[in-house]
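Please find the structures below.
Across the two complexes that follow, chain A remains constant while its partner is chain B and subsequently chain C.
Entry: the complex of A and B
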């Protein structure tokens, strides 16, 4: 073909206009007011009350009488509380690790499907959320308990199986069940952003299944994995329905203890103090997660 | 659908798809076929690619080039046929065990690794000794002239630099074959030209077989030892750039590579000049199997092989046509001419060779057109 003048012009550099800070006039604040008010009234104010109560004294019927003391916090050093605290952290850690492993495998499966199937599978993951958490926990009692399908099936096969409720196994199963979807979503979101040709490149460069994941897919999914860890670990610490219903209330989590302190022991200051400790633990783990993400970004 | 005798190539040209006796081809495809659903994307084809050859697969978008490459790498399983690398069958062998590397169109660099780590990736996966790795990666980076950028992250590189990293990563382990799928597609015109020269130099230096996919004919002509022209899942012709350009086997090859005038004609049987409506017999060479008398054929003539003049040339064959356009393009003039009853052709005349007679012609005037017999080819439709 006859050639025309070579087109060698470089694209002009694009200068982004500096954007003005949006919130400058009174109208924006006006729009934000309803949201701010509800956050202040429903989240911050109760938290302030709990914080205040944790330093208060109480009369013998449990009513808060004011004053200022560290007694409630010091009382938490009792081995009984420390043990529950340790147990909660342990259970939360185990639940997090299991949810991450299963969540990783599930996400990896979902991203390999066609777009339509992906939406369908994600929808199936969300469906349980339309039912109340308490109802779903009760469903586990039916499922694992006496006369439930699992025992029935085991007996059919001649396996002598004791009812699984109440047991630690049931608690663990229900915890994984409750938090798996929350773990899947962030990991899936990260994995979906990975260029599929990277996986092929890894195979081409000699990786088998394990190496492909260890060297490419998992490192590139870390933002999602860290997010999933936070979304699993932190809320698990506060769970209180599952241990009561499925664990027979023998081994309690921090959440249970708080409920017990408030309702049965009628010791509001101690309940508040334990809540504050839990809050600090949660904030701490979020901070660690954020630091990990930041460190990763800096090295990336 | 399953017939393996189905072929677009005349027998004389099929010979090129097989290497000579005694030579082990780097890649040998036998009856390779790929079907998606009921869409046969790659028709049964045979192909030998020689050792240390720069082999291009050239064809329009969607003709099955990428699919063919992906079958060689092992990303796709052929529906039928078998593949040999260096003389041994790789059918059913996973990609990671094939002695070849692919250079992806999107480069597929690992964003969480540095340039050095990207290039070292394969050597590390294959557990080569540490000090070897450092040296070999450095050599590969020097080869692509990125010696001092090893510690950069890949998102701090320009398009051309990423391209080089991908290339270094593909050749660092010295595989027998490197497959490149339109590697220059994402680069701007000028960088493309530079990288073409660079790629060719590198291929010669490292002595690796390159299988190069492109739909840019100029690129294929300038870089390749041999070219296969692919169309609708079939290989129409395999040959050196000169063979492909000067002796196209089909009408598609003739018009896809460079530009070519295709003049409809009627075959007068072997050894006789074909007839063009409104002109009569025209000189042309028969290629391949002769077409039966009376069948529709095309006469293909490259524009630069046609000569035009205002008066009848003193010697040889010529015919008259009507000038439909004359366009000045600086270094040359481009003439559009109506020939006979239904043929339109165009030809080019270098500006320096334009005589006053020719220059005086206006559209609608008669113009004399001629070509030598060896420059025109009779092609089946």
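Entry: the complex of A and C
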């Protein structure tokens, strides 16, 4: 429980004048080389290749033939792509909002537990990651489909419920399921740093449950909430398996379109161009998140 | 610190170097290895074992579930595969990208064993690059309990309001357009912009009636009754469902049949060419070809294998072997070539609608 008050109260002798770290003959670079190389090789280089291909042409067999053209980007001006992009952004936004709400409630619950219990609950949140994402998505087919427990229970109660797979509801549920843990962790990390006495003080001063959260806890958790929003929104934009398996392939997300462009349409340049547009949108949302955080720091 | 850093760099360099080295194994005359890249479930284990025992060659089989995955792996180069199993249109694409080696027929025996339909096919004249292995049709599967005993014979049932929410289409552009084109009376291989556009309209119209697109477990959905009708690729799992359930049927729609065929081909940069030829000759033998039908409910392209099929009902199972009169007028789904852009445009609209 380190608070700002505690930090300023530290005796001045503890704060030593910091010496500049000595870099010996550039060996620091040598140490960084493996890390930098792997980033360049595994993250930057593939993106450069995709970027290059987005300006290339391809032959009728799908082979990229080089050249330089803006054709692939111009083709994306067809409203059908804007519609798909808009739909994906909408789904990602809804998923983010829902994950944040549930994630906030869950984090708030976990933080209130004893330290041992907190560790246990966090461990339980991680357990699903031990199983492959695809397998867990398939599990939802069983869970929501014909012969699954939900339908069985509904029929037991006499509720005539149709199988939920494939449906948009199933897609939404699976999306929340997939991204909820990544939303909980940053919010939890922020909430853990809030001095419990602040909550007590708010209650003492007459704040109800809602006011305590709206005026004290939520504002103090903002960094975590922004982080959670980014970790949910950005990856949701790239999802393509869930709509195929649980949505019956009827709702096209931009991720699905990219896969189809690369494979069935064997139009690599256009697939690459759409990937670049998506990348820019993702970077933009990260930039907005960073700006929000910065603005908050300044006002604090 | 200094030493640790050096070790780390050395290790990274070694990794990169070994990574490069492993790809450049140009085989000697007598290979002891063969790398096969085939459709999931189309190379029976017992066939591999038999080949290994007979030749002493160690076979590694990797599987794919779409032609496009396989082609992109070959196109990236240095795949290390010797033999691949492209479908008919994928043979055209792979040949167009120079990914397959021309077959030297001086080294091949047993081409006479193949059905006439698969010799000199439209997608690979003279079987220059590929030899057919197993084939099938694209048709529809239905559950007669679900349809109330009604017999389904036409694509039009898949566009019928009556079955709304109980219809599944294959999640595959070329397959979906077979239905879309044929219901309008066009060839499933149409290259005409207006015809493709008309088919697109039909498919968009149909989407409202669909439960979904599915190319993974549509056979299970028909068996369970979740689907009344599903567009289906005839073959192993569908054939098994038809054989084991009285109310599950597979038909080639009366608007016309279409064929697919998966072929073995030798990769252009195959490291073990001699072993690849041994594989080609091996799979052309009737007793080997019969394994595909006997063990995996697949229809072999090898007519000489028919006598060796143990379960004779397979020959009458329409999901395995299409009836001869229907086979006669069936056409291969070939690559649309330049007309691909009409299909791309149309299918994007169907999916985004």
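The rule is simple: the second predicted complex is superposed on the first by the 277 of 300 C-alpha atoms of A that agree within 3 Å, B and C clash if a C-alpha of one lies under 4 Å from a C-alpha of the other, contacts with A are read in each partner's own complex, and residues count from 1 in each chain.
What we mean here is this: a contact is a pair of C-beta atoms (placed from the backbone, for glycine too) under 8 Å apart; a residue touches a chain by one contact, two chains touch by 3 or more.
This one's a predicted model, so the numbers in the text were calculated from it and none came from an experiment.
When the two structures are aligned on the shared chain, A:66 is found in touch with neither chain B nor chain C. Look at A:166: by the touch rule set out above, it reaches chain C but stays clear of chain B. When the two structures are aligned on the shared chain, A:203 is found in touch with chain B, with no touch to chain C. Look at A:90: by the touch rule set out above, it reaches neither chain B nor chain C.
Put chain B and chain C next to each other and count what each touches on chain A; the higher total goes to C. When the shared chain is aligned, chain C comes close enough to touch A:80, but chain B does not. Common to the chain B and chain C contact sets on chain A is no residue at all.
Here chain A touches chain C in the complex through residues 27, 30-31, 33-34, 37, 59-63, 80-81, 83-84, 145-147, 163, 166, 244, 247-250, 252, 256-257, 260-267, going by the rule given at the top. Contacts from chain B toward chain A in the complex involve residues 73, 75, 94-96, 101-102, 104, 106, 108, 110-112, 121-122, 125-126, 153, 169, 188-190, 258-259, 329, 332, 334, 348. Those residues of chain C that touch chain A in the shared complex are 1-2, 4-6, 8-9, 11-12, 66, 68-69, 71-72, 75, 92-93, 96-97, 168, 171-174, 207, 210-214, 224, 226, 337-338, 340, 343-344, 347-349, 351-352. Taken together, the chain A residues at the contact with chain B in this complex read 1-2, 4, 6-8, 10, 195, 197-198, 200-208, 211, 215-216, 219-220, 300.
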